[in-house]
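Report on the following structure.
Per-chain numbering from 1; labels A, B, C, D and E assigned in written order.
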Amino acid sequence: MQEAMINKAKQLLADGTVNRVMGWKRGEFVYDITPAVFETAEEIDADFVCDDFTAANVSKYLVKESRKEGKILAFLKPCDTYSFNQLVKEHRIVRENVYVVGIPGGPKLDAEKIKAKGITGILCVKNENGTLKIDTLYGEETMPYYEAILGKCETCKSRKHVVYDELIGEEGEVITAEDSGRFDMVEKLENMTAQERYDFWREQLSKCIRCNACRNVCPACTCENCVFDNPASGISNKAAADSFEENMFHIIRAFHVAGRCTDCGECSRVCPQNIPLHLLNRKFIKDINAFYGEYQAGEDTTSRAPLNNYDKDDCEPSIVHERGVE
Amino acid sequence: MSDKLKEQILRSSGSNVLKCMRCGKCSATCPSYDEMEYHPHQFVYMVEKGDIEKLMSSDSLYKCLTCFACVDRCPRGVEPAKVVEAVRLAAVRRQGNNHLVPTDIPGMLDDDLPQQAIVTAFRKYTK
Amino acid sequence: MQVNENTNFEPVIVAFCCNWCSYAGADLSGTNRLNYPTNVKIIRVPCSCRVNPMFILRAFQRGADGVILCGCHPGDCHYTSGNYFTRRRITLLYSMLDFLGIERDRTRLEWVSAAEGAKFAATMQEFTDAVRKLGPNRRLEDLRCRKQ
Amino acid sequence: MQRIGVFVCHCGTNIAATVDVKAVAEALGHEPGVVISREYQYMCSESGQNLVKDAIREHNLTGVVICSCSPRMHENTFRKAAAAAGLNPYLVEIANIREQCSWIHKDIASATEKAVILGKAAVAKVHLNAPLIAGESPVVKRALVIGGGIAGIQTALDIAEAGFDVDIVEKQPTIGGKMAQIDKTFPTLDCAACILTPKMVEASQNEKIHIYSFSEVTDVKGFVGNFTVTIKRKARYVDETKCTGCGLCTEKCPMKKVPNEFNMGLDNRTAIYIPFAQAVPKVATIDPNYCMMMKTGKCGVCSKVCSVGAIDYKQEDKFIEEKYGAIVVATGFNPINLDKYDEFAYNQCADVVTSLELERLMNAAGPNGGTLLRPSDKTHPHTIVFVQCVGSRCDDEKGKPYCSKICCMYTAKHAMLIREKYPDTEVYVFYIDVRTPGKNFDEFYRRAVEQYNVHYIKGMVGKVTPKSDGKIDVQASDLIANEQLHINADMVVLAAAIEPDKTARPLATMLTTQMDTNDFFTEAHPKLRPVESATAGIFLSGACQGPKDIPETVAQGSAAAAKAIGLLCKNSITCNPCVAHSNELMCNGCSACEKVCPYGAITYQDKEFRMPDRTTAIRRVASVNPAVCQGCGACTVACPSGAMDLNGFSNSQIMAEVDAICK
Amino acid sequence: MLRIPVAKSDELFAAIASQQTLYLPADRKDGQAEYRKWEEGVKLSSRLNTVRSAKDFFFPQTENLAEFRMEGKKIEVIDIRKESEDFVIFGVRACDARSFTILDKVYLVDPVDTFYQTRREHGTVVTMACTRPAETCFCQTFGIDPTEPEGDVSCWSDGSYYYFRANTDKGQKFLDSLSSLLEDGDTAALEETKAKTKEILSKLPLAKVSTENFGGDKLNEYFRSEKWGELSESCLGCGTCTFVCPTCQCYDIRDFDTGHGIQRFRCWDSCMYSDFTKMAHGNPRLTQLERFRQRFMHKLVYFPANNNGEFGCVGCGRCLSKCPISMNIVKVMKALEEK
């Protein structure tokens, strides 16, 4: 796969279709891969990588990159194409300036999950028939492959590219909510008592260090000036000085991306404290699907976002009181 | 006393007599009208005034068939039959457990009524 | 649900009312001298769709124990569609607050027309009672703002 | 530094009886920025306003808070006062301590405490108020009148008289409305047609008036001074421009068994019809539900007999779009449906009729040519019972809670006319109250009793039973005699309650005006602005606002016209400056605001900006057209970056109020 | 050397906790470790490091400085400082222990930060020598020996025993207070463990990372380097690296209106943020490139320039594993060194 991508990139650079390539650059270890823009074939040969750890969603970089001179080649995984499309819809990405090559998606691996097993000194990771063989400073370790799969890939919503100029590999299918199980955890929480839910979220959100990684990686958060950075907004803050602000930040952030969040899962991937932030977004997605009909942000560039739309027969907020557990 | 009684009647009837606009449709519709000394609209009005004793001692109480025609027809939702019923209940309650006193019995005796029925009634309706 | 034992607890209730229907409805309950608790303080907004979720959270932060939002009945919005957007936004917001374990009875959305003075008063009474029963807002309060 | 003045109104005892106004003024005087805090008996009075004006000048105030009645009442009064004293009117805030405080609370201590908090919230808000300057938008010099009854006709004539173009949209094939169906009018007993039809003709001949008959309003966009209205011209299958109204087609039409709406279904008309002789426009209309040609494709008689070739079976509904500066609603009323009042046997007996049906029965152009005959057997009725308040003054579940207002008078009229024409007829009127507040009204009613010997009986009919002999047993109570009566009647006439026309509710939604729970349009102020709706540029004429008799309807129609003329006279109107605005530096150009704007007030532009990193970039940013924006604020919440804010109700102002209240 | 069997660690912790508050790294459900207040049942984590560093104890993320109250036209300033309690942080790794020295150079020099100073005075640092360094470790680069950690008390484990050595008077007092639990014992097994660790240390992938090309004299060479553009290109501008960093010491001071007064507090700030050091005139570092450069120049050039060659990094490796896009100081150093 990596080989095919490198060849494609070099070809498009050579024939002048694009003048830059958005991809991933290898790092010091097997897993510390950085999104990068390549300008020459030499750079690509030297550092371009696409493997089990190239999980980062590069579509947000295209907001800036698509406004530069010339066309850029972007390799997008299925999930990334949803983010890309949503950004096109919101006029954030200049579509004409991006040459999209769809590439197969995950599942990608999560180094944190390997480390959480107590495996340290990781030098090399290989998947052999469902078993991960890990070379470490302390000898070889093994663990089941599926236990190292990145959280967002465990509940993959689609293997289909919603936008591309060209495709490498075969096109996949959209995965139903039942098959992906992506709302299972939300449902589990919904079925808890209010006190249990409160306790769950207090435990999670109290870990928040307000590093803003979730916001800054989020492809839906592309505001010129975020309300949390804008003292005039009345809600700006730099550190969650108390539990209210922890809640406030995450509620408002989830609300601002509600109906726009494609469920790419980057927020949870990058959270240094492993807070399952995607659950907040998924809660909104689940509610929107249930109340206003199935809606997948980023699926197209024309439909009206559910929060910018209405139906005269929409349910009343009292529905919240009527269902689930208090 | 009558205030308390009025309150009790209003509570047990669940009716708001103040809603009455004195149209008389209840009485217009009442099948027992001619049997009554006090008519449905009067029940409502007299309860409102607190003039309840007259109603309590009137036979009209027992003429109401509880057919609910007045309840159905009343444009204001006053529900006169429920007011009548409430007055009736108040009267029954006042009697206490002794619904039949021995002195009443001779008057009831006649050829058609079996003596056993009277004895049974006396046992049943007396404390 | 915890029931507040401190009967002296007087909840702070913020009511956002749209100028055209609910605020007029509130005025009407005043004109008709329909009593409702003093706990309720009304903030006038042009339309219920002006109410940002931020304002609702802000109220809880600053010491509100309950927040109620009132607007024109669906279909009667002075601005045609404002309350339809409100309905979606607020449904999702309340659902999210519920998801985070915040007591459901602290938030409410009610449609009150300019003619429904009695409904306004009754709704405020009911809502205040419900919030009073819940006791002070603890799950979504900012301790820094707690009255000393 | 802000210099804020606080003015607390006693409103006589309205506020002062439950709120310690002195304490409120004292407490607010300590708020930051407040330099003067006063209380006064009546702030809205001239001397009260002078107090405010003097303080503005003397203390060079930068903001004013009035603690008084609802801002819906006097906000404008105080804004004007401030402007007169040189302060921008939008630097005035009202704390509503009457409707939302003194009138609803009884305990002085807690009401005072609340009043102080409301005052503090207003002070906190006024700290952040910015002076606003209202823009102007042009006025389209054309009015629309919806409904062509006497109310609509009167309004249209008056507007046209003032020199403005006016269109009437009438859903029926002819204008005229209910008045055209009425025989005589009270209390003068002159013929309704004689006074109405000249007005109809006048309307049709006035070159400033354009009548869209058989048409309906389907969409309304825009705002005061600049409404865009879509009118559906329903297909009448007759070319209006060609039809001369000769009536030959209606004579020749073979389909003669169509219930005649104009005569309340008491007789029949043809499938192609002209509702009545004096119809305006006098144009035939084909009823496609009955027309043989339309249903089976076989007939075409009308087409053959029409000498001008006006018949067009293929005609379709047409939609036209017009611009108007003002809209007058005159949708009128209808008698209620009597299905649920079984006791009156309306559906079981043809001789139980409504009062409007009686009008037709007695009308010379009616089914019986003016002779009063029983609908069942066309015999002369000797005993007629009138029942008042059928469905009026009821509990919510039983009918309409209001008094229909006109029934007492028209029943007296009917009773009198019958006794006049048929002295051998006994007329009984069962009433709850006889309500005759109007000029010459009670005299009229007394004439019915004293001069015409109509039997007025205080009491209500409980049961109407049609009998096998064709008679009707009317069981009723006579409350004065304290007895139950049975009257052996020939006819029963029910004074059915009236209700707003069914088209009013969807129309109100289109117009974004309010209605009360009975679907009557709500006026902007029950006493002071009775012909205006709360929505600027929308006026109310006739019974759509509440039950009315003809003189009142005409008076209100003229009043609505006067209001509309007042608007149309202006070349432009001052816009509401409390509109949204976009901070272009923060705008992402994502289009969310545009999607929720009901007025299409938001557009996008690519603009060049100097970015924080010293580069320049072309960015797509939103801009709001202040003349089109109505200030709902939907966009401000849709905007994730907070670039959209609303003048007069800014994020910071509302949050300041929240803070002050929760403190 | 004084030692206690690992099996008796609960007794040890209980004894410490009976005298002062004890914090130690404990495992979280998600497989990461965090400092937690010890109470019955809390176990010492075997992880190499906590997500948040130990600097929180001396320089917390948010901290109230003062309160103001306004009454009419008067403003009252309220000193909200309270008497601090003594506390012990147990199990601090060598890298974090060194970070305190770096923070001291910022906060204990004139003008002394009294909030920081008070905490330092009341805290006793008990370090724990590393035995299983990770691939992300490069503390050796900064002259730290993880088998010989600093702190008031150094602690080692050979799997069976914890060994203690006091380095300061405070540390000595701490050990004295535990004398009834501690016994003297030989350190042969410990030396063996240390030797094994040293062997691993030499094999670490980042063992060769060196500071020789960095220091106060490199300002002109690196400030204008063309590499910054490429390096910062993917930076998201989040604050993860700075907030998990044990040596980042920047903060912002803000006022919070509580409705009944003003709370003046400080909170961590990040040079990665667009409003970092924003002043009345605007922001001195307008692009992410400048902000990104600031962070690494500070650690590798400016800090040693002002502190006798000491670098502002301790090689703990947190930023290497936590950066959302895996850009970090090692990559920056290597890139800058490339000619």
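Here are some notes:
One rule holds for everything that comes next: a contact is a pair of C-beta atoms (placed from the backbone, for glycine too) under 8 Å apart; a residue touches a chain by one contact, two chains touch by 3 or more.
Here the structure is a predicted model, which is why all the values come from computation and not from measurement.
Path length between chain C and chain E in the chain contact graph, taken as the least number of steps between touching chains: 1.
Of all chains in the assembly, those touching chain A and also chain B are D. Most remote from chain B, judged by the distance between CA-atom centroids, is E.
When the interfaces C-D and D-E are ranked by how many C-beta pairs touch across them, C-D comes first. Relative to the centroid of every protein C-alpha atom shown, the closest chain centre, again from C-alpha atoms, is found for C.
Note: centroid distance chain A to chain C, computed from Cα atoms, is 36 Å. In terms of their C-alpha centroids, the spacing between chain B and chain E amounts to 89 Å.
Between chain A and chain D, the centres computed from C-alpha atoms are 54 Å apart.
Between the CA-based centres of chain B and chain D the separation comes to 48 Å, rounded to the whole angstrom.
Those residues of chain A in touch with two or more other chains are numbered 227, 233-234, 241, 307-309.
Of all residues in chain C, those touching 2 or more other chains are 53-54, 58, 62-63, 75, 81, 85, 89, 142, 144-145, listed in ascending order.
Multi-chain contact residues, meaning those touching two or more other chains, do not occur anywhere in chain B. All chain pairs that touch, listed by label, are A-C, A-D, A-E, B-D, C-D, C-E, D-E.
Those residues of chain D that touch chain A in the shared complex are 585-592, 595-596, 604, 617, 619-620, 638, 640-643, 651-652, 655.
Taken together, the chain E residues at the contact with chain A in this complex read 30-32, 34, 46-48, 51-52, 61-62, 132-136, 200, 203-206, 230, 233-234, 236-240, 242-244, 252, 254, 256, 265, 267-270, 273-275, 320-328, 330-331.
Of all the residues in chain A, the ones that touch chain D in their complex are 67, 90-92, 222-227, 230, 232-234, 256-257, 304-305, 307-309.
The residues of chain A lying in touch with chain E in their complex are 27-29, 31-37, 56, 61, 111-113, 115-118, 120-123, 136-138, 207, 209-213, 215-217, 229, 237-241, 266, 269-270, 272-274.
Of all residues in chain C, those touching chain D in their complex are 12, 14, 19-21, 23-24, 26-31, 33-36, 38, 41-47, 49-55, 58-59, 62-64, 72, 75-82, 85, 89, 113-116, 121, 145.
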